[in-house]
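Common to both upcoming complexes is chain A, partnered first by chain B, then by chain C.
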Partner chain A sequence: MLDQNAFDMRKYISRNPQSVAVWIALFVLIAFGLLRYDNFGGAYNITSFLNYNAMFIAISVGMCFVILTGGIDLSVGSVAAFTSVVAAYLSPYGIEVAMPLAILSGVAFGLFNAVCIVFGRIPPFIATLATMLGAKGGSLVISGAQTIAVDWGSNFTQLGMEKALGIVPWTIVIVGILVVGLWIVLEMTSLGRTILAVGGGEDASVMMGLKVNRAKIFAYALSGGCAGLAGVFLASGFGAGQPLEGVGWELSAIASVVVGGTLLTGGLGSIPATVAGALLLGLVFNILNFENGKGWISFSAYWQMVIRGAFLFAVILFQTRVMNRQSNVEFAK
Partner chain B sequence: MTSVTSEETMRTDYTSRLKDHGGLIALAVILVFNIIVTPNFLQTQTLAVNISQVATIAIVAMGMTLVIATGGIDLSVGAVMALSGALAPLIFLSDFGQAYPVLGLIAALLCPLLAALVCGLFNGIIVSVLKVQPIIATLILFISGRGIAQVLTNGNLQTFSNPEFSYLGTGKILGFPFQGWLALAIACLLFWVVNRTIFGRYLLAIGGNERAARLAGGPVRRVKIGAYVICSVLSGLAGLIVVAINSASDAARNGNLMELDAIAAAVVGGALLHGGKAPIFGAILGAVIIQLVKYTLLANGVEDEVALIAKAAIILAAVYIQQARKE
Partner chain C sequence: MAPLLTMTGIKKHFGGVPALRNASLEIEPGEVHALIGQNGAGKSTLIKILTGLYRRDEGEVTFAGAPSHLSSPREAQNAGIATIYQELNLVPLRSVSENVVMGQEPKSFGFMINWPEAHKRTREILSRFGIEIDVTAPLGSYSTAIQQLVAIARAVSMDAKLVIMDEPTSSLDSSEVEILFGVVRELKSSGVSVLYVSHFLDELFQICDRVTIMRDGQTVGCREITDTSKLDLIAAMLGRNAKEIEAEGLTELAGGSAAFDEVVLAVDKVATGPRLSDFSMSLHRGEIVGLGGLLGSGRTEAARSIFGLDTLTSGTIRLKGKEFKPAEPSEAIRARIGFLTEDRKAEGIVPDMSVRENLTLALLPSLRRNGQIDRDREKELVDEFIRKLGIKTSHMDQPIRELSGGNQQKVLLARWLATKPDILILDEPTRGVDVGAKREIQAIIRTFVDEGHAVILISSEFEELVEGANRIVVMHEGKAVSELTNPGITENALVRALAHHEDATT
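And now, the complex of A and B:
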């Protein structure tokens, strides 16, 4: 109590026990994989794992901002599919044109969500549901329901294959920068504080004179932009714009955010823990694949969904138990 | 009682009535448009096709309306459809089902509904006992329910020929599809439940003000669980109907995106998202509107994809009008 600013581990854990739990779970799972499988820690597995999960990390951190404001964004999967088509069409002009414009098209969907929610007073769940349908229809219309091959002659496809400094694929570098940038925005800027305040109590935030609308518009535009980036990764990684992809991505992203300990009512959460949540969910599949490779058991691909749901259930059970205990403590005070 | 009949009150009365009956007006507009534009619209065959397609949406939407009336939402309806639709052929195509066709048929109808009931219990308990937000609680089965169905069938398409079972989706009474009558019967039953039973009273009370309902000593938990169970069982029934129509069960496609149709139908039909209202026949009206918009676009050569955008616009418009009415 002498030094308020000193980092107090016990306080951190008691305030946000799940963020700690997700890191522990992640390390346990990694240790398990390293001990059990030969190539688990190999450069190939690590880079391909991160490369594939880069898009999920991107939409998860965007989703985290939206959920922190107490909202939800169900449109991210369809928006990513839409922007992957946009990116594929623009790929002949090179990555420096295709990527920003594709991300901007994602931001446009996000802004549409924000306008519906902030000014139209439509519940986030319904507004983004409608955008989900609209973006899905839009991507099917502009692509003619076909996958759109990217231009292999331009530098667009290098995004997923070329490596920065010859070590790390560019997708991973970009996602790394995004994550660190958003972490700083959330923890150190007034915008980030406002977003947390909005989720904690919107009415109170309005009365305090915080720029609530601006914070919400930022969150949804950001989520749309992150989905746009995921679409760019999708197009470059698979060499084609995929209008039919993205089904269920919003749920993976929500699951990552929840697993990372972010409260669904908003106001409490962390960007690193969300990334850990996304990695944890991805790792479950990676380990399943390795386990199948060992040949002892054989899980069909369909088990993935069952396990994913069971995982979410376990996390929710954990979260409600902790929350109930906390609210009981507060009640006792 | 003073009689105030100024022009102003007349007008507000008029506009509120317009908003209350927005769904009916929309339906009338679509019908007139179709009669003028769509070829062969006024044929009994067109009616039969639309009824057979709208019945499943309507059945699920009525369940969704009950859940929305408690202030909740059920995202798992499509997954439950896939699960129950996968179970039925598994049962009557099994050795037992082949050896005892009658028992097999009964089991093929009851077991899937029982499985759906368990799903509803699962959702309801997580929402009401663990106090998890409905959208997240039902996300669990949304994700894993379809996965379970695919694991059970190993992802295979199950085709069959079983006329007795297929009656559920292809049978006709008085020239109209069996499932249309079924939806109507369910609507009458649920209308009675909502408006004439204690369960219905508490259902609306919970959505209106959950805290007040609990303080008044209402069985809040049981009523909420009941709403989710009814919604799931109706979804299971819809899943069986879809399988019966197709004489085939595809766990990957059965009930796909049904949660969106059902929510849209309920909202268009006048259900308030924060609860407190359960317009059962409104849900049917909403389902009919959504089905007719889809049919109108398809029949006039508009692509399927554009129909999605139209559906998005309907949902936004319906909720926007609802919000405006509240304020």
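And now, the complex of A and C:
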């Protein structure tokens, strides 16, 4: 009989072959950076890296929930832009007002998506595409297509600078709590397991008597809320609401989720691996910046994108190979 | 004692088409009650009303002494009605434990799932079925049979008053069927009722107390199982006179003992992996060769090897005298071999496409004229097959998912026949198909071989093999172990051969 309490590495790998690639790639990249660049492991680089990537991690974990149900949320980038404007307008009232309301406006978009998908029976791709366009237009309308400066007199901009216990910026603390919270929700609660079951087989989940609609509504509302949080980080980090930002964020988020080994069809995936995927994507840029700093070669921003794309491709290829070998082993049994 | 369940005068229409005209059902507490009828008789609709998936248009349902108005599977589950559907309704990607406990998982602090407890409970439930497996592994990594038993375990664990089993044995081998029967008996003795839907009539006589027969959306009879016979039940399902059928013979397939001389396919000591290690057979023009064996004996793998789905690691296949080594199915198809797979949902039909499109899917290249599909020719061809095979469809552009299982199977058969194959491999061609359609499909197969073609027939139903095949190659653990030839093919001989894995004819 297997001891279910001991963490068995081999078992983890055999159960999660698709997640192995991202951890290896992340580890290799970090090791490379530490060996090659002096300040790579310094506190400044680590905090500014995490601070900047916090918003991408937030939308990626939200996206992960949606993808696990077998859906997709294309609206996250536009919603983040919208909520950054909302947050900027509300910034004079302080962070304690601006942040919850901006997040709630994101949740509202998510709920709208959920209603269209669950009750209107509109395919997620289409519904969230419409919301993406709507939110984009909405943020341009309310901002007059201008960046909206935040109120520097309030505590709003302190979000990324003020540190909890004087060590870690609040942005990172908030995203850390979000990630751990969602990890627990997914692994340890009926809601999380229902989300996985829905993605693994929606009809089957209905037949099993699970609350399928509730799970899907939660996933989209969560994704909207995470986009809302990303918008708050955007506004506070850049000192302004950015109606033109967020273009292509949904694709980066999807990439993070997929690199983390979550099946695009749903039903199988992991929150930590998604975070690893988001970090990996950010880290490629970080490393290229360091490389440029060395002065030997200089990659333009365009080339950086090409390199990131190639790197992504390599990781996914590796992941597919690991999975194929794994499934061969399964069938040979 | 008051009955546990009473359904009377149930009516249900789908867009003006009546699915149930006047159905009724009555189940006593602790009774194992069979529900039978041809496909389209309304069994599934009746069950779906009972489990809250559909709402009835008219009629009364009383469950456990109170009028029942269930509107979702969840409510049915809470009321004490658990269902195991014909198509496995579990989530293969998730662990065995999750599939068993989801919906009522053990919790600590009121919201956190207590996983050790969930695994323990799952292990306990499964051990009642004699299954000892790693419950943390994904369900999909186990065989269909185990998955089926897990589905049953889930239902049983729900503390149900009524367990509905829709074709529970269709993917089980005989020892697993025994385990299932054991569970059914245990349920019965603890006062739980079982509604047992099955096409395998023999099973009913082993475990059921009473049987309700449906035909054309109506309940046409309810009998004590001890007062009836198999023939009687078939006659009631078909709406025919039992004596007439007896005179006609149960199926139209009748294995002759004619001599065949022209060998079209010779398979010699073929192996493709652990599941097929030593397979030999020959196939003559005009012949039906059956592959007999239990689940997992390598029958399907044997078919896959001939069709180019698995690569040969050793052995040779000769097709009409020439060496044949298909690397992929398209090569086999070009060599005029067809393979009707076991899993018509996953590998066969495209549910949203029409009957016409499904039928001509494999044929499109040959229907091309000047780079376009010749629509007239296509319609003509589809018409011909709908007529010849007696496919019941309102029109050829009806989505295939709206057809009954038997008619879907006929469309798939037509798809292969339209490619004009010389050899057709049929894997469980009549599984999940009602008695009437089954006979029609068997007649189609017989006509096909009589035209000078050849068929490899795989079936878990001994009766179908015995009556249909000219020869039976018996398989066991990936090897062809013996061969039965006519005269001398009987169900008993086949069972003996399987039991002893040795040549029973010598």
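Here is the rule we use: the second predicted complex is superposed on the first by the 305 of 333 C-alpha atoms of A that agree within 3 Å, B and C clash if a C-alpha of one lies under 4 Å from a C-alpha of the other, contacts with A are read in each partner's own complex, and residues count from 1 in each chain.
In this text, a residue touches a chain if its C-beta (ideal position, glycine included) is under 8 Å from a C-beta of that chain, and two chains touch if they have at least 3 such contacts.
Because the structure is a prediction, the values reported are computed rather than measured.
By the document's definition of touching, of the two partners only chain C reaches A:K211; chain B does not. Legend: residue contacts after superposition of the two complexes on their common chain; A:M305 is shown touching chain B, with no touch to chain C. When the two complexes are overlaid on their common chain A, residue A:I177 makes contact with neither chain B nor chain C. Residue contacts after overlaying the shared chain place A:M188 against chain C, while chain B stays out of touching range. For chain A, the partner touching the most residues, choosing from chain B and chain C, is B. In the superposition on chain A, A:A149 contacts neither chain B nor chain C. Judged by the touch definition given at the top, the superposed model places A:D203 against chain C, while chain B stays out of reach.
Judged by the touch definition given at the top, the superposed model places A:R121 against chain B, while chain C stays out of reach. The intersection of chain A residues touching chain B with those touching chain C, taken from the two complexes, is empty. Residues 73, 126, 130-133, 135-137, 139-148, 150-151, 154-155, 260, 263, 267, 273, 303-309, 311-313, 315-316, 319-320, 323, 327 of chain B are the ones touching chain A in the complex.
Across the complex, chain B is touched by residues 72, 116, 120-123, 125-127, 129-134, 136-138, 140-141, 145, 248, 251, 254-255, 258, 264-265, 300-310, 312-313, 316-317, 320 of chain A. Interface of chain C with chain A (complex): residues 72-74, 76-78, 83, 85, 88-94, 98, 102-103, 105, 107, 111-113, 115-116, 119, 134, 136-138, 141, 154, 273-274.
Here chain A touches chain C in the complex through residues 2, 4-5, 15, 184, 188-190, 193-194, 196-197, 199-201, 203-211, 263, 267-268, 330, 332-333, going by the rule given at the top.
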